[in-house]
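Heads up, the next two complexes both have chain A, just with different partners, chain B and then chain C.
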Partner chain A sequence: MKPIVEAKNLNAYFENFHAVKNVSLAVPEKSLVALIGPSGCGKSTFLRCLNRMHEEIPKARVEGEVLLGGSSIYDRKLDPVAVRRSIGMVFQKPNPFPGMSIFENVVVGLKLTGSRDRMDQVAEEALKGAALWEEVKDKLKKPGTSLSGGQQQRLCIARALAMKPPVLLMDEPTSALDPISTAKVEELMISLKKSVTLIVVTHNMQQAARVSDRTAFFLMGELVEYDESSTLFTVPKDAKTEQYITGRFG
Partner chain B sequence: MNPADFQISIARRLKNRFVILLLIALACVALIPLIHVLHYVYAQGLPHWNLNFFTELPKPVGESGGGLGNAVVGSFFLVLVAAIVGVPVGILVGIFLSEYSRSALAGWVRTSIELLSGVPSIVLGIFAYSAIVVPIGHFSMLAGSFALAVILLPVVAKTTEEVLKLIPSHIREAGLALGIPRWKVTLRIVLIAARSGITTGVALALARVAGETAPLLFTALSSQHWPRSLLEPAASLPVQIYSFALAPFEEWNHLAWAAASVLVSLTLVTNLIMKWATRSRGESR
Partner chain C sequence: MKAMTEVNSVGSARKSFDPIFERGLKFVAILVMSLLILIIFFLYQLAAPAIHEYGWGFMFKSDWNPAKLIFGAYPFIHGTLITSLFALALSVPVSIGTALFLTEIASRQVAAVIGFLVELLAAIPSVVYGLWGLTVLAPRVRVTVQPWLSEHLSFIPGFSGMPYGVGVFSASIVLAIMITPTITSIAREVFRAVPHAQREAALAIGATHSEMIWLSVVRVSWSGVFGAVVLGLGRALGETMAVTMLIGNRNEVANSLFSPAQTMASLIANEYPEATNPLHIGALAYIGLILFGISFIVQGLARRIVNRVANPSGGGA
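So, the complex of A and B:
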C-alpha cells in the first residue's frame, strides 16, 4: 500500500535535548497506526513533528524529512500554518474553545482560515463524522464547554474533521475519559479510518491492539519496532518490545 | 481510639473554634468601614435625589433647587473618551505582555506598566496638564480624558495580561493545530475565551476612574455649563463633590451629597452587574 505520511530520518530536539532519534516510519493511507511506549519516550514529540507543531516550542528544532502524499511538509517554501490545515490534531485533554458554542467550535477553523462557504453543512457532516450529531443537533448554540468530557473530545474530533484533513493525529485521546466514553471514541477511530488516516498515541496497549492496523514501539526517542499490530503484539521481533508488551517495564 | 487521642482532639477542636470565631470577627471589622460609608453617604445623599439633580444645572447661590446634570454628563463623557483611548490600547498591551511574554521588549513594557500604575494619580494630572493644557492654553475635557486614559491603561493592561495567562496553553495549541495563524488564534480564540474576565476588569477600572478627582483639577477643571466640546473645561461629579462639599451654602452641600451617593451607586452597580454576569456565564458551562 502506498504511504500517505512518511517520516525519514527524523530527529527532534528541545534546545540540546535529543528527543526523537532518527526515526523512519511510513503510514499506509486510510489505516490506523498506534504509537506506544513508556512515558517520556518521545511519542508526542514525534507526533508534533508530523504537523509542524514541534517548532512552536521555543528553541525546539527538527531535522530530517516528513512527506505528506509524497511531498515534503518541511519544504522551505511552505508556510507551516498552511501545512497544519491538511493534518488534524486531537489532544489528550478535551479542549473545546471556551466562550464558543458547539457550532462555532466546529466551524472556527474554516471561519478563521477564510473558507466560509456552506458552514452549516460542513458542521453537520463533521459532527456526524465524529458520532456526535444526534446528541447535539438540538443544542448547537449551547457552549461547547457545557458538554460532558467524552462529548467534548468528540467535539474536538469534529472540529478537526471540519477542515477535511486527509490525516488526523491523536495524542492519547482517551486518557482523560471514562471507560464508556473511551469505548465510543475507540469505535469512532475504527469507523474514521475508512476515510482518514489516523496516527494515535496511546499508553494503553489493549487499545492499540484493539484499534490499530500497525503499531510503532518507541523507547528513549528511538523507534524500536514497527509492524502489523497482530504481529507486534504476538510475536515481537525485538526483546525490548516483548518486555514492554508483557508489562515488564514502562 | 485511646483517651489521650481524644483529649488532643478536644483541645484541637477548641482551638479550631477559636480561630474560626476570630476570623469571623476580623471579617466583620473589615466590613464596618464599608457599611458605615454606605450608610452615611446614602443617608445624606438619597434625600436629595430627584429628577432635577440629573437634568438641571446648579443654581446660583441663594436660589434653591438646581442639579448637577452637567457634572453627570461631563463625567460620562470624560470616562467614555478615556475608555475609547485607554481600553483598546490597554487590552493590546495586555495581549502583548501575555502572548509575547518571552520577548525582551515585553519585560521592559511590563516594568513600565507596573511603574505607571504606581504613579499617584495627581502626578498623572500634572503630566496631562503639561502635555495638553499648556500647549492648548486652557483647561479642557480632552485633557481630563487623557489623564483618565493614562490611569486606565496600566490597570486594563495588567488585568488583560492576567486573564489571558489563565487560558491554558493547550487552547492556543488547538487553534494553531487547525492551521490558524497565531495572531488570529490570539484575537479570535484566546481573547474570546477570556472576554468575560476582561470585561469585568475593564468595568471595574472604569468605575474606579469615574471617581478620580485630583487629575481632573489640573485638566478638565469644572464648568457651570453643559459640556459642549472636548476643547472646553467640563464639570464632573468628583470635582463638583470636592468644591460643593466645602462650599458654605447648604444647597450646594446637599448637591455634593447627592453626587457622592450617585458616584457610589455607580461603582456598586458596576460591581454587582459584573459579579452577576460572570457568575451566570460560569453556571451555563
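So, the complex of A and C:
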C-alpha cells in the first residue's frame, strides 16, 4: 500500500539534545500506527515533527524529510500553519478553549480558515465522527469545559476532525482519562481509521496491541522495530523490543 | 528506653519555645492591622470639623477658598479621576502590548532584559519623574504637542484650550509612565498563567502566531488584565509628588485636558503645610479620607480579581 505519511532520515533536536535519531518510517493510508517506548524515547517528539509542532519550541530544530501524500511538509515555500491545518493533533490532556461553547470549540479551526459555510453541518459531522454528538446535541451552547474529561477529549478530536484532515496525530490521548473514557476513545480510534490515518503515541502497550495495525518501538531516540502489531507483540525481532513488551524495563 | 526519654525531653524543650514565637508573630500581625485602624481613626478625627460642617455634600461642592473658609472637594475628585483615567488610556495599550511581547514573542533572554528595564521604571523616585516632567516634558508639551493636538484633534472633547504645559495632560503622561511597570508586570503574570496546552491547541488547528495569541492568551485573560489595569489605577490615584509638580495647582474643575488642575493628593501636599484653621485642616483631612476610601475600594477590587486569576481553584477562569 502507498504510504500517506513517510518520514525519511528524520532527526530532531532540542538545542544540543538529539531527541530523534535518523528515523525512517512509512504509515499506510487509513491505518492506525502506534508509537511506543519508555518515557523520553523520542516518540512524542517524532510525532510533533509530523505536523511541524516541534519547531515551535525555542531552539528546537528538525533535519530530514517528512512526506505527506508524496510532497514534503518541510518544503521551504510551505507555511507550517498550512501543514497543521491538514494534519490534526490531539494532546495528552484535553485542551478545549475555555470560554468557548461546545459548538465554537468544534468550528474554531474553520473560522480561522474563513470557511464559514455550512458550519452547523460540519460541526454535527465532526461531533458524530468523534462519537460525541448524542451526548452534546442538546447543549451545544454550553461551555466546552463543562464536559467530563473523556467528553472534552472527544470534543478535541471533533475539533481536529472538523478540519477534515487526512491524518490525525494523537499524543497519549487517553493517559489523562479514566478507564471507561479510555475505552470510548479507543473504540473511537478504531472506527476513525476507516476514514482517517491515525498515528498514536501511547504509554499503554495493551492499548497499542488493541487498536493499532502497526507498532513502532522507540528507544533512546531510535526506531528499534516497526512491524505489524500482531507480529511485534508476539514475535518481536529485536531483543530490546522483547524486553520492553514483556515489561523488563520502561 | 533511656534514649527515647532523652529525645522527648529535648523535643519538649524546643516545643516550649513555640507559644512565644507564635505570640510574637500574632503581635506583629495585630500591630500592622491596628496601624491601619489607627490611621483611619486619626484621619477621621482630624477631618471631623469638615465632616460635621459639610457632610456628604462636601464631595459635590466646587468652591474651594481657604481665605473665606469655603471648602468643596469636587474639583479635586474630578482632577484625580481625570488624570488617572487619561493616564490609564495612555498606559494600558503600551503595557498590555509590552506584556504580550514579553510572554509571546521575545526570546527568554530578551524578555529578561526588557522585563527588568520595565520594572526599573518603577524604581525611579516619584520626585525625579516630577523633575523630568517639569524641565523636559512640560515645555515640549506646551510648545509642540498641545498646539498640534488642538489644531488636529480639537473635535475630541478635552483636546483644546490654552497650552500651559503643566496641567492634566503632562501630569497624566508622567503618571502613565509610572503605572506602566505595574500593569505590565501583572499582565505578564496573567498571560504567563495561560497553560502551554492552550497555546498548542491553537497552533495544532492551524492558527498563526497572532491568531494563537488572540485565541489562547488574550481571550481568556480579560479578567486578569482588568485586575492589572485597576491596580495601575490604584497607583495613579494616590500618586502625589510627580503630580503635584506637574498638575499646575489650580483649584478649579479642569475644563480641558490642557488646563492646570489639582488632584486630591496634590492639594493636600500643597496646602497642608500652611493650613492653620481647623476647618481648613479638616477639609484637607476629609479629602485624604475620601482618597483613602477610593484607593481602598480600587485596590481591594484589583487584588481580588488578580488573586482569583492567579489561583483559579477559587473559581473563575
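The rule is simple: the second predicted complex is superposed on the first by the 250 of 250 C-alpha atoms of A that agree within 3 Å, B and C clash if a C-alpha of one lies under 4 Å from a C-alpha of the other, contacts with A are read in each partner's own complex, and residues count from 1 in each chain.
Just so it is clear, a residue touches a chain if its C-beta (ideal position, glycine included) is under 8 Å from a C-beta of that chain, and two chains touch if they have at least 3 such contacts.
Bear in mind the structure is a predicted one, so any value in this text is a computation, not a measurement.
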Overlay on chain A: chain C relative to chain B, clash or fit: clash
Which superposed partner A:89 touches (first chain B, second chain C, both, neither): both
Chain B versus chain C as contact partner of A:112, first or second or both or neither: both
First (chain B), second (chain C), both or neither touched by A:146: first
Touching both chain C and chain B, counted on chain A across the two superposed complexes: 51, 53, 56, 58, 81-82, 84-85, 88-89, 91, 93, 95, 97-99, 108-109, 112-113, 156, 159-160, 163
Complex interface listing, chain A residues touching chain B: 51, 53, 56, 58, 81-86, 88-89, 91, 93, 95, 97-100, 108-109, 112-113, 143, 145-146, 156, 159-160, 163
Contact set on chain C toward chain A in their complex: 107-108, 195, 197-198, 200-208, 211, 215-216, 219-220, 317
Sites on chain B touched by chain A in the complex: 102, 167-168, 170-171, 173-182, 184-185, 188-189, 192-196, 284-285
In the complex, chain A residues that touch chain C: 51, 53, 56, 58, 81-82, 84-85, 88-89, 91, 93, 95-99, 108-109, 112-113, 156, 159-160, 163
